[in-house]
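Labels for the chains are A, B, C and D, by order of writing; each one numbers its residues from 1.
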Amino acid sequence: MSGSSFGNYFRITTWGESHGPAIGVVVDGCPAGLSLSPEEIQSYLDRRKPGQSRYSTPRKEEDHVEILSGIFEGKTTGTPISMMVPNTSQRSRDYAEIASYYRPGHSDMVYDQKYGFRDYRGGGRSSGRETIGRVAAGAIAVKLLDQFGIQFLTYTKSIGPVEASPSRFDRSQIFDNPLHMPDSEAAREAALYLDTLIKKGDSCGGIIECVVRNLCPGIGDPVFEKLDANLGKAILSIGAVKGVEIGDGFAAAKSTGSANNDPYTRSADGDIVKLSNHSGGILGGISDGSDLILRAAVKPTPSIAMQQDTVTKDGQGIQVRIQGRHDPVIVPRAVVVVEAMAAITILDLLLASIPSRLDNLKRYFRSIRDNS
Amino acid sequence: MSGSSFGNYFRITTWGESHGPAIGVVVDGCPAGLSLSPEEIQSYLDRRKPGQSRYSTPRKEEDHVEILSGIFEGKTTGTPISMMVPNTSQRSRDYAEIASYYRPGHSDMVYDQKYGFRDYRGGGRSSGRETIGRVAAGAIAVKLLDQFGIQFLTYTKSIGPVEASPSRFDRSQIFDNPLHMPDSEAAREAALYLDTLIKKGDSCGGIIECVVRNLCPGIGDPVFEKLDANLGKAILSIGAVKGVEIGDGFAAAKSTGSANNDPYTRSADGDIVKLSNHSGGILGGISDGSDLILRAAVKPTPSIAMQQDTVTKDGQGIQVRIQGRHDPVIVPRAVVVVEAMAAITILDLLLASIPSRLDNLKRYFRSIRDNS
Amino acid sequence: MSGSSFGNYFRITTWGESHGPAIGVVVDGCPAGLSLSPEEIQSYLDRRKPGQSRYSTPRKEEDHVEILSGIFEGKTTGTPISMMVPNTSQRSRDYAEIASYYRPGHSDMVYDQKYGFRDYRGGGRSSGRETIGRVAAGAIAVKLLDQFGIQFLTYTKSIGPVEASPSRFDRSQIFDNPLHMPDSEAAREAALYLDTLIKKGDSCGGIIECVVRNLCPGIGDPVFEKLDANLGKAILSIGAVKGVEIGDGFAAAKSTGSANNDPYTRSADGDIVKLSNHSGGILGGISDGSDLILRAAVKPTPSIAMQQDTVTKDGQGIQVRIQGRHDPVIVPRAVVVVEAMAAITILDLLLASIPSRLDNLKRYFRSIRDNS
Amino acid sequence: MSGSSFGNYFRITTWGESHGPAIGVVVDGCPAGLSLSPEEIQSYLDRRKPGQSRYSTPRKEEDHVEILSGIFEGKTTGTPISMMVPNTSQRSRDYAEIASYYRPGHSDMVYDQKYGFRDYRGGGRSSGRETIGRVAAGAIAVKLLDQFGIQFLTYTKSIGPVEASPSRFDRSQIFDNPLHMPDSEAAREAALYLDTLIKKGDSCGGIIECVVRNLCPGIGDPVFEKLDANLGKAILSIGAVKGVEIGDGFAAAKSTGSANNDPYTRSADGDIVKLSNHSGGILGGISDGSDLILRAAVKPTPSIAMQQDTVTKDGQGIQVRIQGRHDPVIVPRAVVVVEAMAAITILDLLLASIPSRLDNLKRYFRSIRDNS
């Protein structure tokens, strides 16, 4: 099965394992005429770089991106943009041992079952490094959407039991603390919590929240290609994500219609607006013009130094401690991955939404004919 | 955008509005040779029928399914199976009034924004009746998967704040109480809760849980076509679903690696098995041989008799009470829709997983050549 | 495999066999706001109706189309348009005998090999009636393209060895003679040729030519989604078509660069135009603004009354004469099918071409935001 | 539009321009467990290498392929295989001049119309170098199909007016003469013809024939995903191909049913076989077990040294002679490209055909369960 592509109109195809020569992505369907430099990609990619604090793996991954095609004289040409990041800092010796047994919480065993064998070095295709291609592509999607005024704010909502408080929400904090929490107090508390886990050789999970502002209404389709359905697939396709919700999400399941419905009113400047946003910006699968709000539940890093029971490939019971340099929590580094996937999805559906009205189409083609 | 198809190998295409002449589905990619009768489809479809208790709309929808193609002498031929349900009991007069204003919590306004106008009768394409096609197709998927030993158990996990208790789990209850809860005590409590809502003209949401047993390991792909990612899209494509989670889901975000990892052991009969199932049957996007567990959060029915603030199409503020025959909670009727979408997704990925190993493929083609 | 859908943006899904209750199509992705009546579909569909002359089967197929969804108050709503034609005049008894043996030139044997058995009544899914869905959908595509000024002219280029002469090309003839040849002299000659074949119980093939005028330049993509590649697939997906060519086609293979290249010049009104059109309106897979010209080679009707050698399902040699009411040549009735498939393909790629330039996209979204 | 991918199950995505840093392909969906070395890819790729005779461009293109992912310990892992060929020998200065005008027979003008500007160096994405990715991927497809016994023979059928004679068909000649014609006499005659064209600064086209032997029956789908329809798209997606035909192709349009139908008989070893093969191995869109035969019509190389009329980008009439090192005929180098695309298409549909019969599927899954 060819499962390495995502999107129909703005389509990305990622390739590469953590321990092969390189890892990369092909972005197909990017409109021509967008000015784009390797530095812009690099700068976005650096947001997932490890080693920036004691709360992420001390592995040094330079992750230097090269653009191999699709750009001419500083602008996209409308043809595929191929981007590659050489794998420079991977130490295969760390992984030699794990070839023989199945790490709990990892996909080791299912690979053997699915493919008959596996590339056991660093998780192979299931490595977190696979997200490099997504983030490089996301940099383009975010830049393109910005041309239409659409903007993203993504951050750590919670780490283990420690949650950022909406009442202390401080946007400037997001890039100020290494945990990317929009609440300095919660960030400090979460850091202390992580310290205790690191000491025990344990890890934890957390929640990432993504807010999309100034999204045009009308994006998404009423049935299978709902905006929320596609976002759900995009976010759940990120390794370690175990749940996704839109707006009030699971809390809506405990609510009532009278509380959960967002009443409409007329704004000062004459627009019809919602008085609340329980829907999280999506109604009937279609963007409603309010802020889009989504959350992803990320499970704890499965690679822990604490002793665990498991079996060898031959089924013999053993006890293991996973060695190596692992993140005690992957949430802070996954923030930009969630944003990238949300941006790619929204851009794809935005392009898909164009042919929905004949009047707009006619206007479009008339102006094209006049111009050429 | 053509958003009315789902699946690649086993692909369904639904069509129809609640108030058009009929509603239906085309199932493409069903293998030849499955015995299939209209009665089997009808019987599965009857599980979403309203009017079976005071907790669902008293509208009488007969929903009689006709098979128009793809069956010859009682067996599927490998060609598209077209199924149609005439819309017999729709009263357009109930909906004439709502043409003029936007119902809170509904997609009325986004339709106008996306398409320039809308079919205002009964929600048009966003009607719950759209799920008829999904369920009819799901009946085939469930039957096909049963040929490979894969089985489904789907039920109401919670209604508003009332949750079925795992300790009182009683499978026989699922089809015994009208709320489809596997816990008679919770079902009684939920019924009382619904009574109070009905009196107030309010509604509530709830959670549906689906368990898939005996699923082969190896289903799903490591990157974008993860099993959980596709299930996420499938479930979030059902109207009113606002969140989806796999295994421990959002609870995993608050857990630790040592608690959340499922240790492996060897079973009595020599298989490698997990000692727990926090993963919900999926690791790295691929089925791991344990029970697959997913949950969907369903928002409260937006059509309520209580007074709400809203605006007319022209932006004038008004107060409305939604008239008509509406479900106070859609969860019990949506149980079979969640199951149908899960089954369609799993079947699609099961078929997609076949070419993953050369050794299996060679064996397959050798046996085909020998047979023909 | 789910092979009954065509197109990505304007997608059609056909279903039905010649001897089931009905045959139909779901059109997904049609923009909202197109006025559309069943009469318009019917009128286009009538162009493939048999029984209009002695050169097509005397079977009476009324082919009355019903629209089941996607239209509200005479306009498309942007949701799937489901169309159905009941199978009223099929006589299964004609086909009972052929269940036991394999008709030469038909797909009887390959069905048995692929599916394990077959619906032997009238060719099942390989029946010419399958094209009803294509033509009904094509009626919509033709009407939509007409909104953008794009127009089709499709006719019989040759019947057996008798070819319409370009020097006698007379557009008015196309709908005037039952063979749809744009040359009355060739039409008379072809009719005489068909008379001799009918007497012998034989059949013949022919060539269909489709010309598309006023097509915008820029439609199609440079690599796999070339306009000609997609047209090639569309046309070869019509049963009995064995070859397709664009512009000079196979003749170009015998030509030289100096003769085959189309020189550019500036037209009186300042446009850059080609002085000739060997390319047939496509360069590098992209429409070049000239007339698009394509030809389809149609094989002779395989059902003939002449005696043929074949085998029974068990491999026993027999001699057969195919009974029943068969077209001595299917070309005249296939003209509208070729046009329908060309129109569907061009519309699909036209919609796909919209996001190719950022400047156009920005202009588009700016005007949408201003409008809403 | 994302038009750089081909195939659904075995999917290739090509990227790169002739004058960027590199050109490449990602192959997704290759089964795990195929032994594969860079040397095998290189060896197949060398078949399209220029400079091997005076009848191809004297440009020296080393085209050294690197495998960047998807292989572990000499075997495919089931994950994407990324292959890259650095562009080493491209001289941009040859192309600087052509930025200002539109070359006849090239896609220069349509790029400007579609994208607003173009990468004018060497044709950019429309360069013949784009086929490098196709051929590298084709090497894998050919090797995989060989595992199932399916084999390819592809050669030059004609060059300009000079055609290889079936009566002198000599398979060994195909790799012996630089024109890859299976007829030494025709090859000599074609060489003389090319000599006269080279002297005049002209070019010519030709026909490529591909024969696929030992193809299983049952490959392809009855409606839109016909085997011939997909082959048509694949072959017409190769630059310069203007026509494609299957079996007797355009000649069938001049034939009669009695001559064109292939009668069945029982072979000595009890199989049902066709006595002739006018169908070219495909009936009703499905492989019929005979040799598959397809032909591609290739237009003359548009880059010629002879003087041609054209216009500058501003529409000013000029006369040009295309300088640079161009093939007088591209047919010999395109032979392997046609084969590669045919192999990719057939492999894709072969994998797609697996779920067509429930009995085979059940047998397959039973054996998987027993094995694991």
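Here is the rule we use: a residue touches a chain if its C-beta (ideal position, glycine included) is under 8 Å from a C-beta of that chain, and two chains touch if they have at least 3 such contacts.
Remember, it's a predicted structure, so these values are computed and weren't measured experimentally.
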{"item": "Both-way neighbours, i.e. chains that touch subunit D and touch subunit A", "value": "B, C"}
{"item": "Result of counting contacting C-beta pairs for B-D and C-D, higher pair", "value": "C-D"}
{"item": "Distance between chain centroids, defined by C-alpha means - subunit C, subunit D (Å)", "value": "26"}
{"item": "Inter-centroid spacing, subunit D versus subunit B (mean Cα positions, whole Å)", "value": "44"}
{"item": "Multi-partner residues of subunit C (at least 2 other chains)", "value": "1, 3-5, 8-10, 14, 29, 32-33, 78-79, 113-116, 125, 217, 222, 352, 355-357, 359, 372"}
{"item": "For the subunit B and subunit C complex, residues of the former touching the latter", "value": "1-5, 7-11, 13-17, 20-24, 26, 28-29, 32-33, 66, 68-70, 72, 75, 77-82, 84, 113-119, 124-125, 372"}
{"item": "Complex contacts: residues of subunit D adjacent to subunit B", "value": "8-10, 29, 31-34, 76, 78-79, 144, 147-149, 216-217, 222, 351-352, 354-365, 367-369, 372"}
{"item": "Residue ranges of subunit A touching subunit B (in the complex, touch as defined)", "value": "1, 3-6, 14, 102, 104-107, 109-111, 113-116, 125-126, 130, 158, 160-161, 197, 200, 202-207, 217-218, 221-226, 228-237, 239, 242-250, 252-266, 270-272, 275, 279-280, 283-289, 297-304, 306, 308-311, 315-317, 349, 352-353, 355-357, 359"}
